[in-house]
Amino acid sequence: MGGNFGKGFEDLGFAKVDHSRNSRCGRPEVIFCEGKTPEEVGEIASRIAAEAGYVLGTRANRAQFDAVAARLPAAEFHERARCITSGAAKPCPSAFAVGILSAGTSDLAVAEEAAVTLSAFGRRVERIYDVGVAGIHRMMDRLDAIRACGVLIVVAGMEGALPSVVAGLVDRPVIAVPTSVGYGASFGGLAALLGMLTSCGSKVTVVNIDNGFGAACAADAILRLAGEVHS
Amino acid sequence: MGGNFGKGFEDLGFAKVDHSRNSRCGRPEVIFCEGKTPEEVGEIASRIAAEAGYVLGTRANRAQFDAVAARLPAAEFHERARCITSGAAKPCPSAFAVGILSAGTSDLAVAEEAAVTLSAFGRRVERIYDVGVAGIHRMMDRLDAIRACGVLIVVAGMEGALPSVVAGLVDRPVIAVPTSVGYGASFGGLAALLGMLTSCGSKVTVVNIDNGFGAACAADAILRLAGEVHS
Amino acid sequence: MGGNFGKGFEDLGFAKVDHSRNSRCGRPEVIFCEGKTPEEVGEIASRIAAEAGYVLGTRANRAQFDAVAARLPAAEFHERARCITSGAAKPCPSAFAVGILSAGTSDLAVAEEAAVTLSAFGRRVERIYDVGVAGIHRMMDRLDAIRACGVLIVVAGMEGALPSVVAGLVDRPVIAVPTSVGYGASFGGLAALLGMLTSCGSKVTVVNIDNGFGAACAADAILRLAGEVHS
Amino acid sequence: MGGNFGKGFEDLGFAKVDHSRNSRCGRPEVIFCEGKTPEEVGEIASRIAAEAGYVLGTRANRAQFDAVAARLPAAEFHERARCITSGAAKPCPSAFAVGILSAGTSDLAVAEEAAVTLSAFGRRVERIYDVGVAGIHRMMDRLDAIRACGVLIVVAGMEGALPSVVAGLVDRPVIAVPTSVGYGASFGGLAALLGMLTSCGSKVTVVNIDNGFGAACAADAILRLAGEVHS
Amino acid sequence: MGGNFGKGFEDLGFAKVDHSRNSRCGRPEVIFCEGKTPEEVGEIASRIAAEAGYVLGTRANRAQFDAVAARLPAAEFHERARCITSGAAKPCPSAFAVGILSAGTSDLAVAEEAAVTLSAFGRRVERIYDVGVAGIHRMMDRLDAIRACGVLIVVAGMEGALPSVVAGLVDRPVIAVPTSVGYGASFGGLAALLGMLTSCGSKVTVVNIDNGFGAACAADAILRLAGEVHS
Amino acid sequence: MGGNFGKGFEDLGFAKVDHSRNSRCGRPEVIFCEGKTPEEVGEIASRIAAEAGYVLGTRANRAQFDAVAARLPAAEFHERARCITSGAAKPCPSAFAVGILSAGTSDLAVAEEAAVTLSAFGRRVERIYDVGVAGIHRMMDRLDAIRACGVLIVVAGMEGALPSVVAGLVDRPVIAVPTSVGYGASFGGLAALLGMLTSCGSKVTVVNIDNGFGAACAADAILRLAGEVHS
Amino acid sequence: MGGNFGKGFEDLGFAKVDHSRNSRCGRPEVIFCEGKTPEEVGEIASRIAAEAGYVLGTRANRAQFDAVAARLPAAEFHERARCITSGAAKPCPSAFAVGILSAGTSDLAVAEEAAVTLSAFGRRVERIYDVGVAGIHRMMDRLDAIRACGVLIVVAGMEGALPSVVAGLVDRPVIAVPTSVGYGASFGGLAALLGMLTSCGSKVTVVNIDNGFGAACAADAILRLAGEVHS
Amino acid sequence: MGGNFGKGFEDLGFAKVDHSRNSRCGRPEVIFCEGKTPEEVGEIASRIAAEAGYVLGTRANRAQFDAVAARLPAAEFHERARCITSGAAKPCPSAFAVGILSAGTSDLAVAEEAAVTLSAFGRRVERIYDVGVAGIHRMMDRLDAIRACGVLIVVAGMEGALPSVVAGLVDRPVIAVPTSVGYGASFGGLAALLGMLTSCGSKVTVVNIDNGFGAACAADAILRLAGEVHS
């Protein structure tokens, strides 16, 4: 591995593993598994684990998990979230959990990707699922739990209306995640994306369609800032 | 005018005025004023008034109104709604009003086009304005009034979330009208349109962007059906 | 099931079943089967049946049906409509049937989804299929049957012209359903959707692409309003 | 002018006037006036008139017309069609007229551009205006006149349904012209364009949005072919 | 079959076969096979054959062909064109062939659909394939053959430039067919479609993406008109 | 004003002013001036000022400012930012400033809208302008200042590449604001928007095109959370 | 100016002028004038002139030119190209000119922007205008001149077919510039852009819509490379 | 083969092989394998090899390779690049290599298509992979190697930011290749494509999505020009 490390990354031939990322951006490199061979995923995972102490792979399938588990026996496969983890960061002492709301049962894969990512990062997660606007009393029923969270990740397909409603009720940063759930004029998540971008709720920011991982990283960065203020 | 009328319409050279429409589709022809000269609007208006007893012109400007008022002194100009009326249908004996909800103050032009149209058709209108989802308690405050209406027209720009919420709370037909209000990724009403089409609320139907008139016609047709059942 | 019901819904862990919906919105919750496991569909179905007396599942496949039939032996699978039903609401005493028109044989799946949904809701349905505008005499031949209906659901792919023509001939609410049938520039139903939205026929409202279920719900709500007027 | 002409065109510095076009493609070059200065239009017009005996300019304004009229006193300005003509081709002995149908009064500018172009080319034109599908009996009333034409140009905005209906009723080539008339989801003619392209009527071909001139050229080419067969 | 035929079509339950189409629009109904079961295709085919003497099915697969061949032993399967024919119209005495140009080898399926359709209709076809603009000398090499045709169908994917070039060189109606061949920014034929619509060549009309059949019908209608002029 | 206030908002007839917003969502209602008359803006401004102690209006023009200044003499007009302020919240004791980066001089209006909003909210702002990626050494030159900020708002038009680069270099939440600056294929900010959404930088969240105000609100909510942790 | 220059750029407050660009990227910074005040343009121009010896401003209007001319009396305004120049680089000794082809007279503004830019950079330009594919013999007539150029910039709106044809005939790099000329389905240059991107001609690269300046810079970089090889 | 060759191409029935292309455009025809049968690819390959001495096939699969290898035993299959080669052009004496940069590991297929193509053309290639902007220090680490290249091909999906950054740092032609890598709002490469087109870097030209081959051809043409200058 040697001399490469002076440059802050390690060249595996097919990929540069960025070991300086942990200090530079706060988190070790996460493996985006889609389009990589099981062997490649396994190899990258064992290098990151050796350096950072824990590993997170997203958009993973079972074959990729098997290649990781062969090297890291403690690895777990989170099927619904399509994530691989092995170990986790040490729990953050933040006073706040991240609330993850989902509008319908079909948004669960994306919500779980966010939840597993945050858990791997040592954050507490509050799952508040199946609270879409077509039955808004369900969400109202959980309002206290929602207001107790430090950051809210709101996952919704279809018309993506949930983040607007949430942002009108709470005093916290709201990160909206459009999902590709829906059919017809949802156009693979475009309707939800545009809806969230044009949201009347002024505290709402948006990540890419189905990007539960990105939402988790943004929430993590917000809580890290809050943690620095604290100490 | 003569013989033309046997065919159910009258040929003015630049337009065929469709006098049989009243019996065939329930309402006299309405003048879509945009792109017509004041003279043309005035001429069509006086022909329709002579035949049907009242006139409605939409997307009208003041010059077109003046040309109508020169022929029909009782004509009124509804500035915000951009409508001309002269007279109205006799009030319908329906038990139900049409509730017109708007999300923001900027949606008023479209909401008023619907309201003026329905009034011209002899319907009762309940205006429930400025009740968008970013402050959802405002709408909750009016829930009884909303539930008392027979049909609901919900006008919203931005992300168009309001109709989903309304449809989850009431047991009535909901007609959603996306508006071109909003900027950036609202793309001239496209975001609201897609949001409404992919709405989770299963009773929601949608009309074209800014088409307050079309929503009013649909509501009118629904109440007419209810009226026939009645008698 | 216990205490949950005081809140109007029941938490199955993976989904909240909304038992208060029947009184709040007029109909029991319908199962959108796509993306759910057969076990999940079966479980939700048996809970709804116990509470509401009948069940409707849309976008269902045969494996999901089998899981339902194992619990509810009276369940039926409507293959063309991709629907599961078990029992039905008691017939509504409305004077009016819902007319369902389809433009071509390829639009049948969507038309049947609407028809099965309405039948499950206890409504009478009049099927008027294969009457597209390229052979408009076929539709003219059925004009009396069309005019006798209380509400018209018009299903069409390609250019979506049929609702405009129908709306010009009848005095009833017209609900247009664009379908994803067609190729090339139909862009998965977008051409039909835009065509219907910009329809010259002012009584036309539109639901999402392929959304036969939503059209049925809207028609049902309209007839329910008419029924209240009646009594 | 000299030597240039051996090459079949003449170089004016700012434009090459294509004098061989008449023999090569059947018609003298037509001036697309938009974006040209009055002086440029006037200059090009006088060169074409000298060579071909008649001139046609499209998308013209009055200032451009004045510059032409100063050089060619017989020039006429067709305001609605936005065309300049001076002289015309000698009448073609074809047995057939070109039928030009328009759906609404707002489509007249495009329909007239087609009509003026064909007249300048020496063709007979049958105007059948304001016969949109929302009042389909108007078109049925003119069915004999429509069937007597050799080629049909059908101009429609909004949902563009008219060409499908026409093509289902006649045995002639149908050229559809979408117009940018309409608002909201008509997206500047896109809805009509897509509708016409996906038309169920198999004899329908389409030209660009608002391109009355192109439709006229296509109709002219069809009749020229028929004329050659004749002689 | 009986009484139905007085109305000009025959109701098979799942489809109305339109037997009056031959006299009304010039050609018997053609079977669009996509999405139909082999049994349905076989059944419709045998009814049309009995009435019209020949059959054409487009977008067909081999299973559908087998079902047709079981009933009509003379049926042929045109694999590249994905067409089924059985018999053909009697040859038309027209002086002109239809020239079919294709830009690349990948456009052949669409070009052949047009060619098989025209042959079934009794028209002569001149195939001029693989003459795209990136090697424009190939097309120039065939210019005499091209100019001898009465109508030109130009099939092209990618940027769709070929119809413009052809229209600049000949004096005939040009029907452009965009194909979905191409990748990246061709967006399933959209690039070619837009290119053809905005073509500088004024005689160019366009049909839907991959719609070789529609182009053939339009060419057939043009030659039929020319034939009537002749006699 | 009276009894209305019990409900948390005040009904001015043309708008509901939401006085409970301050406690519910952390900030008094901000006036979106676009499309409102000067009188309306002035009236709303004076009511908010009376209740909240300071006022912020966005998308304002000078006429609207004059109407505000007539009522609130201390009001200021921020021309580049198109904002009106009168007073400001008391300075927040946060350790962190918000860094606002802009890619080019043409993005200044949007960057300034964010800056003025944050100043009105009592936040410290660090302006780091004209540091686009085409001259990336300019941004590198300011890296220490960038890293000292608690939250980063990155404003960029064209291809919107700047947020990705920033997110790769810092350990803070990054809020990206696409602007409508650019021409051709920037499509009014769509290119920048899509670029930011698909950003490789996992901490990046996005707000609507040109929405400097929304970015400021999100940054404010993040710092408020950090502040709560602090105390 | 002092100390700033050690960092390679100079801070004017409203813009950073990048004086190191000349050595780093080969050319002094060019002023994109759109959206800047005349004063700002004048100020930036005089700083660049002092440093680099010559100035180029694009997308300029006359007021901006006047502000430049007040400071740099030798400045010239190129109206059609919308460019300001003052001085020029010393002529490059390259053996090759850059050929600039335009399809129609309406593409001239973009073509001239490229031409003026290259002239300011000291390159020789060969203008070959009005040679669109609808009259392809015009381009063939200039084939020798085209083949003598080192790089070809091909400017075309409408369907953007010209670059494909050119690339099939020459052995040189071809830079395609789509223009926003055209109407209807050209969608502001999108049709030409997609056409050029999907071009069959494999040597074709594309710049943004109307970006004559960018094409010139790319051509300049190519010739600069060739020049280095030379010496 | 005989007489055909006088015309510069050879007609294989299903394709015209263009043997004059080598002298006319600088390179023998390359086989675009997608959509061709193995037999067709094998046949075309052996004809081109006989004439030109070497063969390149792109978008190839293994079955197509086997058909080529059966005829040309020296053929090689480049799996990642999806290319077939047999032989290569003789090495070009150019002083410059082509630098190929890729942003992420998922862009490798496209980058390798460019690399294999250039190698087959006898060019030297410098691979600089996995240097995306989210970790910009990786690219800075290779800056000397990048600056030593004569032309740069920059391959990137997601937001496509890399070419802008590169163009700001080097004095060479930059050819950007957007890839379809990414999900959600990347829309199959559209986000990267628009980003590259609107790039602030003025020397950037763009080819179609995933078109590594086209980028290689453009780079080859640039170096060929430089080579001519040399000799």
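By letter and in written order, the chains are A, B, C, D, E, F, G and H; residue numbering begins at 1 in each of them.
Assume contacts are C-beta pairs under 8 Å (C-beta built on N, C-alpha and C of every residue); 3 or more make two chains touch, one makes a residue touch a chain.
Keep in mind that what you see is a predicted model, and the values were worked out from it rather than measured.
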Chains touching both chain A and chain G: F, H
Whole-Å separation of chain centres (CA-atom averages), chain C against chain E: 36
Distance between the centres, which are taken as Cα means, of chain D and chain A, whole angstrom: 58
Of all residues in chain F, the ones touching two or more other chains: 135, 167-169, 184-186, 190, 193, 197-199, 202, 208-209
Interchain pairs in contact, sorted by label: A-B, A-C, A-F, A-H, B-C, B-D, B-F, C-D, C-E, D-E, D-G, E-G, E-H, F-G, F-H, G-H
Chain B partner contacts - residues on chain C that touch it in the complex: 24-26, 30, 94-96, 150-151, 167-175, 193, 197-199, 202-209, 213-215, 217-218, 220-222, 224-230
Residue ranges of chain F in contact with chain B within the complex: 7-9, 14-16, 18, 20-21, 32, 34-36, 40, 178, 180, 189-190, 193, 208-211
Chain E-touching residues of chain C, taken from the complex the two chains share: 105-106, 108, 130-131, 135, 137-138, 141, 181, 183-186
Contacting residues of chain F [partner chain H, same complex]: 103-104, 132-136, 157-161, 164-165, 167-169, 182, 184-187, 190-202
